[in-house]
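Each chain carries a letter (A, B and C) given by its place in the written order, and its residues are counted from 1.
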Amino acid sequence: MPQTQAYEAPRTLADAVRLLSTDGHARPLAGGTDLLVQSRATQKLPSTFVDLKRIPELVGIEVGPDGLRLGAATSAAVICEHAEARRLWPGLVEAIGLLGSTQIQGRASVGGNLCNGSPAADTTCSLIVNRARGVIAGAKGERTVEVERFTTGPGRTVLEPGDLLVALVVPRPAARTADAYLRLIPRSEMDIAAAGAAASVTLDERGVCTAARVAIGAVAPTALLVPAAADALIGSRLDDAALRRAADAASAAARPIDDKRGTAVYRKTVVGVLTRRAAGIAAERARARP
Amino acid sequence: MTVHVRTTINAEPQEFLCEPGETLLEALRSRLGLTGTKEGCATGDCGACSVLLDGRLVPACLVLAAEVSGREVLTVEGVATGDTLHPVQQKFLEHAALQCGVCTPGFVVAAKALLDHNDDPTEEQVRYWLAGNLCRCTGYDKIVRAVLDAAADMRGVTV
Amino acid sequence: MSTATKTFEHVGTRPIRHDGLDKVTGRANYGADYALPGMLHGYVVRSPHAHARIVSIDTSAAEAMAGVKAVVTGSDIPKTNAKLVMGEAALDLGAMGDNALAHDKALYEGHAVAAVAATSPEIASAAAEAIRVVYEPLQPVMNVDQALAPDALILHDGMVTKGRPKPDAPTRTNVALRMELTRGDLDKGFAGADVVIERTFTTPMVHQGYIEPHACVARWGEDGQVVVWTSTQGHFVVRDCCAGILGIDAARIKVIPSEIGGGFGGKIPVYLEPVAIALARKAHRPVKLVMSREDVFRASGPTSGTKIRVKLGAKKDGSFVAASASLYYEAGAYAGSPAGAGAMCAIAAYDIPNFLVEAYDIVVNRPKVAAYRAPGAPAAAFAVESVVDEVARRLGKDPIELRLQNAVREGDQAAYGPEFGPIGLREVLEAARCHPHWKAPLVPQPGRKVGRGVACGFWFNAGLNSSATVSLSADGSANVVTGNPDIGGTRVAQALMVSEELGIPVERVRPIVADTDSIGYNDVTGGSRVCYATGMAVIEAARDAQAQLRARAAKIWDVPVEQVGWERGRAIALNGASGREPLTVSELAAKLMHTGGPIIGSATVNAPMAGPAFGAHICDLEVDEDTGVSRVVRYTVVQDVGKAVHPSYVEGQMQGGASQGIGWALNEEYVYDAEGHLQNPGFLDYRMPVASDLPMIDTVIIEVANPLHPYGVRGVGEVPIVPPLAAVANAMHDATRVRFTALPLSPPRVLAALKQRG
């Protein structure tokens, strides 16, 4: 196996972008919980590890009037300790809290989870329903991409060679808006999702749903935004019948495969169950909000 | 290109050379002789290599050795204070919370990390916090009891 | 509850284990923790094919690389037909050697075909990649159905079915062994039954899942003396296997056991050791070999996947009248599944007048199975105890009552042959019936179903051979030395036995596991035998030391030794010598050098028999019927252990065995694709239970003394993995009314069955 030649820990975004764009085999390192495992399993070690955690823009969490800004390399543990983020985006922060064990939480980042491009990534669905955008720096400058467009297939993203995901920005939720995320794993912890579902709902003062977004994971080559499931919720009081219609829409949208983590039939069924339950939890949360 | 690392391990300054792709786990075990940190999987799935990095619980198999420059690492060898065991270590002994003992260093470090910021965890909190530490011998019962008892001990309560 | 009459002063207490401090501080050395000056790092080349002929191996490019010091292949391991007798079993050294480095065929994905030793792990792995192996891939045979098909590819040319093959059995076969147990008249028995249940069950191949991967260091001296440091359940067996495989005198090999990070039977065979020795011999340098976790899953010994058909007939009153069972066990790549043991355990708990139990040992293109805690019994118990549960429901009987009604008792002839001595099955079942768990109401969480199941389990336990010495120091402290690696607290148990015999406080007794040069022969740590058989050796050695101490007292008092007794750690004067103050061990020890010199008590035992043991488990399981996800919410283990020497570690065995069984029942399995590639060779997707998957596990220790042991010990480690598979499945049935006949009860399987049930 070819050996890694260098470890770099640039202090500026510009330096990181330069390192990544001049060497096609260099790889950005955030928590390393996917990168190190995969490079060992495939025996494809990068030529250079570009450690992002000493770049100020890449680490940290800020909640401001416009919403949330997550440095792409911020560890899950740091995010989960942020009380204001937990309060405003409980579903998103719970999803981030599901990334692996306590040990993994100390390393894994949302940016890494997204860039890994797994259809089963726990954070993607929650980012999508919260209308998150990724801020990308590259040799040609900065651009932003909606998270639902970020992943293009298993292990594939919109990132071009030399591009770097710098941060994720999430707009502040509207009044009476809340989110939730649920995943299905056989054990209580330490598994990759066999299916996942996130929902965000907005209620009017009478409790009628005026806006909703539903996204499902691990049931297609990428996480899917399911407008039909959202449509089933909008205009309802998020009663059982509406939740069931959303569940059916989610199951219908799912295009899963058979693998060691579950059968296609199973995934199609449970993604509906998860959608129903996640939307129900989001509804409860929204009702409790001013 | 060999990397020169200056760091602090178990409150002592340490300096070593490592390969750029080498993990902290490999460096601790092979270069520094700190074999208390165990390798059970090298994929972050078993917790046997748990260490604290700047006080944060991490799997040493998924940290590059080069990353710890200028930072503080605590391994199982640094958990006791001189001859005085940490309450978690003492309670593991009293509760027979180990059988083969190979997962024990990881559990000790992880449990210490829990009690560092929560000295009154519930049984459920202990179980979820330690879900990344596999033990195949005990069924976890005595481990969970030992951690709860250590917490009580640290609060000055007798259970 | 205790039927033991002997009272103890030390045995039955819970002191801190002597090796504990090193383990909580990280100082204890395990297999991978050893390093020697000049040590090389080895790397094993493994077959990517599940079944392939090895056409050629070209090692020249690897050997030419800078830093590469040795390369070995199957040609460095002599082919042999030698067997190593171990108790009633014999280890096939030819198969073990071929498994360590394949000679002609790769028989499973991960089968070792070559190995290299180099000055760094990186060079070793690069050199391994440079080794060119040409394979001729063959169709893999992945399960018992494929292996038994009329047109099945034969793994081993010339395999003949040993034991009692059926008269019409084919001559070219993958069946290594067929055995049967029979009694009475089966047809007549079933004809007299009011209820007959017949079902076919399957269980997946599963791994012991010890956390420490296999690891060793070998050194070959210029004088031909070999030293091996290794993590093993039996260093004498490592020595004898390596000697037999490599054709070296056993006395020339010294094996030093490290602390062992779990084994459960899986660290009895040798995998790396003969390869490391062969590399060290070629390289003239010490060589270290360590398995990755992936290697452990792919290429060490899991336990058999099984297919088991069971038929049980009972009368309306509940009495069992006839049973038949056919057990088909995957052996992996070489003969040696625990099908026979499974057959012997299958109906051991019940008194059934008419039965026929047959077992088949079948080779398939999977790793060669190794022992796993009560090998063979859990799958058999899953099948039989599920059917017993069904009979109970059909007859409207309480499942514990039905088992009590049919339970074997002292004097019954066991289905597997011998007559039972005092056994504790009825005491166990009574205790389970009286336990608050059995009586507690079942209260499901909202949206969940909850059920309760019970099941029994049996294991023979083993005796075999052990040696021990007890040596006394002049300050009155003592060392107790044995040759059994301590996996779960046997050292502290041995120290307690010395305390009991000599009256020395347990913290002043140092228990030691010595290397093969430093203590007499000991069979492996396995078969739940260490506390029992090695314990007997320790007790005898301590009594030998005690006899010598009495002789010293006699000398000091100038009386005949017959007039010196022993009580609570002191020599006391008996009638005729009365009036003399008792002498403590410390007082006698202080005078050792003036009364005849050092004292070493020693003993060897050959314990052909052991104390059979039974357990009963109660499981409450909660199921989410929308997703099929289930969770054990309450669990109780009741077991007859004979005598609990250190109750905490006895409970630990019961809890640990139960949790392994729960994992087996719910999520663990080897997943292969059609080409025989393992899909889940890591902890992430193998899915052993984590702390948040389990509740506290209640234990009830029953002590029906085993008359074969001075304290009544039976052994504890294996029985607790036998009942959980059925206890969990019976609870699942109670919750869902679906009888699951295939494990694991993973969410997709459960949900599919619930949909079918409607």
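As a working rule, a contact is a pair of C-beta atoms (placed from the backbone, for glycine too) under 8 Å apart; a residue touches a chain by one contact, two chains touch by 3 or more.
Here the structure is a predicted model, which means the values were calculated and not measured.
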Farthest chain (mean CA position) relative to subunit C: A
Of A-C and B-C, whichever chain pair has more C-beta contact pairs: B-C
Subunit B-subunit C separation of Cα centroids, rounded to whole Å: 29
Separation of subunit A from subunit C, taking each centre as the mean of its C-alpha atoms, in whole Å: 44
Multi-partner residues of subunit C (each touching 2 or more other chains): 122, 683-684, 689-690, 692-693
In subunit A, residues with contacts to at least two other chains: 3, 188-190
For subunit B, residues that touch 2 or more chains besides their own: 19, 42-43, 45, 128, 130-133
Subunit A partner contacts - residues on subunit C that touch it in the complex: 122, 125-126, 129, 626-629, 631, 666-667, 671, 679-680, 683-685, 687, 689-690, 692-693, 746-748, 751-752, 755
Footprint of subunit B on subunit C - complex, ascending: 14, 16-17, 19-21, 23-30, 32-33, 35, 122, 208-213, 259-264, 292-293, 487-489, 646, 648-649, 651-653, 655-656, 658-660, 682-684, 688-694, 696-697
Of subunit B, residues touching subunit A in the complex: 1, 3, 19-21, 23, 42-45, 47, 50, 53, 56-59, 61-64, 66-67, 69, 110, 113-114, 128-133
Residues on subunit B engaged by subunit C in the complex (per definition of touch): 19, 29-30, 34-43, 45-46, 48, 75-77, 79-80, 85, 89, 92-96, 98-105, 108, 123-124, 126-128, 130-145
In the complex, subunit A residues that touch subunit C: 1, 3, 184, 186-192, 194, 259-263, 265-266, 269-270, 273
